[in-house]
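Here come two complexes built around chain A, the first alongside chain B, the second alongside chain C.
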Partner chain A sequence: MFTWPINLLVIFAITTPLVYTLGVKASIKKLVDVWAVIGFILSAISFYPLYLKVSSEKVLIHYWVGIQFRGVALFEIDMLSIFMAGLFIFIGLLTAIYSTRYMEHDTRHGEYYALLLLMVSGMVGVAFAGDFFTLFIFWEVMCLTSYVLVAFRKEQWEPIEAGFKYLVMSSAGSATMLFAMSILYGIVGSLNFAYMHKALSESVTPWSMISLALIVVGFGVKAAVTPFHTWLPDAHPAAPSSISAMLSGVVIKTGVYGLIRVMMLLFTPESYHWHTAIAILAVLSMTTGNLMALLQSDLKRLLAFSSIGHIGYIIFGLSIATVYGLTGSLFHVLNHALGKALLFLCSGAFLLAAGTRDLNQLAGIGRKMKITGFTFIVGSLALAGVPPLNGFQSEFMLVLAGLQVGASRNLWYLFSALMLINILFSVGYYLRIIQVVTLHEPSESVSRVKEAPKPMLFSMVLIAILCILIGIYPGPFVNLANQAAQSVLSVESFVKLIIH
Partner chain B sequence: MIPINYYLATAIILYAVGMYCLAAKRNMIKLIIAIEILTSAANLNMISISSHAKPGAVDPLGHVFVVMSIVIGACVVAVALTIALYAYKHYGTLDVRELRRLRW
Partner chain C sequence: MTEITGFNMLLSILLPTIAAPICYFGGRKFGRVGNGIFATFILVISTGLLLASWNRVSSGEKVIESYGVWVGLFKLNVAFLHDNLSFPISILISGIAMLAAVYSIAYMTHEHDQEMYFAALLLFTAGMVGVVLASNLILFYLFWEMMLVPSYFLIAYWGTGRPRIIGFKYFMFTHAGAASLLAGILLTYAYTATFDLLGLPNLLSSISPGMLRIIMVLMSIGFAVKLAIFPVHTWLPDAHAEAPTPISVLLSGVMIKTGAYAIVRMSITLFPSESVKVSYGLSVLAVITMLWGGFMALAQTDIKRLLAYSSVSQVGYILFGLMSLNSLGVGGGLFHIVNHGVAKGLLFMCAGAIIYSTGIRDINKLGGLASKMPLTAVATLCGALSIAGTPPFGGFASEWMIFAGGFASGNTVLSSLAIAATMVTVAYYLRMIKKVFFGVCPESLSDVKEAPSSMLLPMAILTFLTVIFGIFAFAPLQILYPAGEAVTRLIVRG
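Our next item is the complex of A and B:
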């Protein structure tokens, strides 16, 4: 079967509707909520032995069908997979805890938690996949559940519209990826990453270039890299805030993970020279994201646009393709996931208390909800890259890596400069939302709001503490990101486990 | 046996048709059909390649993948049709231009 973290998530996802029915029958409130949280906790616990095993063996191979069949249907788990999967499960756990109070005015909790658990299991599966067959199955599990979760509040018009747009664009991206996979299968004759690395790095043909382009489009749609980002600012605000935190925090990172894995392993930078193209996409993403975010008056829409900007920073790290650049990139994946999840959870708390997402009506709400307001400030400053917080560390690393590589590839001086300008832009709108939310006099619509309930506060405060902790003491986290980056670059150890 | 180039050309044409439909059509159901066409293009490509892998033999790997992909495609269409149904309930139309905020 699929290693324990995924097994547990799937088992709990399947049993969730039963538990929900049981809870309704026995009229125990919150039974299903607790059940889902237990699922995430158990999955996180079972994740730890896997981490220990991988950190000692470097790469772990696991055939999930039980037999070896031409290198298909296997997990190939290295430090990058562990890094990403750990992040997914952690944010999933915090989101589930948050949802226990946030979703209590909604119905259909059984479906909600089943979908949430399945979505996380899909993401973990994508991170573990060692061939395109596995990757595609888990990818689609993740996509399908996220479509339904975006359109979860089906009685309103906005989630339905945004969900349909998201579904059409994202499944067109998936189909493009599938097309690329079929071409790669034609070139290589296998779906395994190791065989593909061998065949593709030996000879660069027009067909492999086409499949590279198609696969960048496929993953780029999910990661919301700029020309393919248009679904994101609609879909992320329309979802329930807990799901927005998942989508903006980790689901788009799955696309980034796919890009990193495929570009570094299959289409190696030495043979394919994609640096400049990816860097241009990165700069485009950050510019569009940050400029558009300046213009928004809807809080969640602003945050969604800033996600595009941050994806730009992360992709910029990939375009550098050195250990230092990838470390910065992966470290920023961690920091952005924490920061953006925190901001979306805070905006959810505001939404629940005041019933609006409009910035003008939310003015001064931070004064009424002191703890939420404080965590909101921490999250905004962290993402803006203000020194003692975590965002600064990774953004600094990325710019530094860009300048370092500029010595050999001069264009990167320009790209780094553009990234610096973008960071300054982003400070503009983060300071604006902080000013509106916490410094203005409370407006009429927020005059009677109360502090958010405890489980919601727990998630937010925990992430805020982590933001500060990583900012002050980044050592172990950078180390983890560094190990992940090194495992990305040590392609040979990944390949020789399959091809002896 | 028909040479593989014809199949590849057909798959690429199908892909182009699907993308054209996505860009030009305004009816929700037609958009869903476009997604199906795109997936079919990839499936056809996979099947034809697997049938030409070795002379006189068919590679089962491609078929496994395509069966999986068809199942997943059915799920995507089910979700898409559900959302289209709710959109119809809200707006009384399937024309995406009538939806207020969608900017395609």
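Our next item is the complex of A and C:
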């Protein structure tokens, strides 16, 4: 019905509570954890033929209700969708493996894994959607599950408060989006992207401008673009670390995906000239994120602010709107997802071992937990854009694209310079967390910690290896990002499948 | 270009990189000595691999090893280059690193986590060798930062004093320089659509002079930070003084020279017309650096800090030679890279031997060690006299060429000042030697012994080299001088 990767995720999500009950009855403790991991693995396996099919056919259409009704309720899958969805499932899988030990001391595992599976299925659906109707349904699946996951540890006050703030702001964002969609429906008479592209790129009206602004706000809230970012530094640290890794690593990227898809396809840059506005938002985001991160003493909060900074880099690539810019942007989506997921998983391991997120109390913990400490260094340096790690590859690509476009749009020299300065600032706090965590003499609170359990180490080490691998041999990964960027720019082939 | 043409250079970088994790994971089993021997062994092989291109380079050939496509999107190939310029410097780097590894075995006895130390040392060396061999700008930048990260950990983890603050300062200074360098590299690509160092000179002529100037200045700022030229030198005295001594050997002896190498390879080779315009300004900075470093060294009492300031002063000489932009001066500058690398490496090793034996770094508290540590005393004297430019040591030959180049380019006043600066050099070195090795030996130091022989061996080799390079200066110059000539030929054309 929804193509196999999503189907499997949904099926496993529905059966998870049953398996959980079964596991409790049969007193097999880890049954539900294994079940969820199997779900992700199967989904990833079924994803592969889809990837092969799309890479040969470029764009794939799939009606998920079975009937063709004015181009509504369909998936339109191109390389961009594949790129994003593959990333979502991969990080989801690693998070699930990590959770098998991380969530050990919590109860309600049935709910936890069901929500996690549903959230990923929602994200994949967003990436596949070919019309606003489909997009919004999956969007809400993703949002609702993520609210609950943020507030999962409901016996404490902090997650509840953060979850509530997240819910209010994110729902406001969704409502804004819904409003924009209704205006667009009024203009075009369809919710399908292809029809909308045709109608919107032909005539620019005040109404379409307003809906553009509303859509930017809607996706911007999810992507945590400054000034709509205020929920993120509360929600991401309060969630369980595995969920923080999902939220910061990939969930905010659905907002980025939405922005890229809608702005390149519906509100084409040729007709709507949004480059400068988006670039200003990008520079604002990176500056706010990086400056605020410099001031934090809570490790997870620091990482959350750094996510805002990185979203700024990614949006900067969108503002360039060339092949290089978008390639850099998408490549950075991948690299930031890996790096930030790694850091949140590491901080989760520290949290589990030492019971604190406070940097001063975590001092020197990397000396006790050597492998986690090492992966933490790799993740921090990768996000700091230090070669030869993956973050550098995409950051240099973004600045390069900015400078290239600077020849025709001179302002981009300034923006690129600002981005370089931002990267430099960010090195400051990454270096600080590396120093505190791995170089300080171990403090009293961490004197008796032990290395993290194996499933957690597996996820962290795997991502760390990927960070190094992509940094040293970026070729194939850049090609993937490049194919995705190409497919974003080849609007016509996307449209003509619907409108012959 | 895509077919593979040899593996020597690739292996010389890859071997230490691969050996680093082996060192780390096997470290507990090998123990400190085993680890050190393993690291030394790897570095010996990698030096040998680099030496393989001796014949072809000395006959004036360019040895290019290409290994195929790296990032297709930017038409980036992985390729390494050995010519008259990169060959001697790469040998210097891996050679000194090898000696530093031998030296570390005994020196690091009292330190913790030696397995990580040797792994970082290997990575650091691989980064430095890579910088010199890289044949495109992105590869160059990659290695440029790859030498920063391990050296940061080496300083911040095993350093003395306040290592974390100093490491932070070191990282931020160098990284800010690197960001400026990156901006330059990316602007180059934005205008020429290539990163290839060999193809660039022809393409750059199409860029407007204003933009060319911007690119050149941006790149040179990055190099100047690494080289520690006067206004951006402040990280050096801290980092070099507080790093563990074998790492100071590498930092002062060879790492900062990658900045000088890059100035020749890029600032001058790629932008000959622009470098003519900035040469006078940079020469002035070079002389200020010499004098500033020299006077600051006079004021130091910490032996390693003194040597670090002396390095600041000496990179001034190197830059001054390079900025004379004639074959004598550039050749001299390049030769001084080698001589200073050998002599300063030697001096830091001597300082390390003194610290190892006495546990004291303050030269006022030392004295009369000449009779207790005769070999160290002789080695220190040789190193100091070489750097002070006394015949028959290596430093004399290169400094003579630098001053001759300075006069030939017409900067009479600056050259005279530069010569005057050597007097300061002599002054601080003689002061140091007098305080450390002569005078009254304090009671507490009466039973000091010479450092273990595994530390004396590398010192002996370097002492030997300072003398050899002075007497048989023509041997290294046979390779280095053509490199200077090749660069200056571009200047005439530009």
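Here is the rule we go by: the second predicted complex is superposed on the first by the 500 of 500 C-alpha atoms of A that agree within 3 Å, B and C clash if a C-alpha of one lies under 4 Å from a C-alpha of the other, contacts with A are read in each partner's own complex, and residues count from 1 in each chain.
The rule is simple: contacts are C-beta pairs under 8 Å (C-beta built on N, C-alpha and C of every residue); 3 or more make two chains touch, one makes a residue touch a chain.
Computed from a prediction, not measured in an experiment: that's the story for all the values here.
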Partner chain(s) touched by A:Q435 [first = chain B, second = chain C, both, neither]: second
Partner chain(s) touched by A:N7 [first = chain B, second = chain C, both, neither]: neither
First, second, both or neither for A:T356, with chain B first and chain C second: neither
Chain B versus chain C as contact partner of A:S182, first or second or both or neither: first
Which of chain B and chain C A:E140 touches, first, second, both or neither: first
Partner chain in contact with A:V399 - chain B first, chain C second, else both or neither: second
Which of chain B and chain C A:S46 touches, first, second, both or neither: neither
Which of chain B and chain C A:N479 touches, first, second, both or neither: second
Chain A-facing residues of chain B, complex: 11, 15, 18-19, 22, 28, 31-32, 34-35, 38-39, 41-43, 45-46, 49-50, 53, 59, 61-62, 64-65, 68-69, 72, 75-76, 79-80, 83-84, 86-87, 90-91, 96, 99-104
Chain B-facing residues of chain A, complex: 70, 72, 133, 136-137, 140, 143-144, 147-148, 151, 154, 157-158, 160-165, 167-168, 171-172, 174-176, 178-179, 181-183, 185-186, 189-191, 230, 234
Chain A residues touching chain C - in the complex, by the definition given at the top: 327, 381, 386-388, 392, 396, 399-400, 403-404, 406-407, 416-417, 420-421, 423-424, 427-428, 431-432, 435, 439-440, 473-475, 478-479, 482
Parts of chain C lying in touch with chain A, wherever the complex brings them together: 69-73, 138, 141-142, 144-146, 148-149, 156-157, 163-164, 167-168, 171-172, 175-176, 179, 182-183, 186-187, 189-191
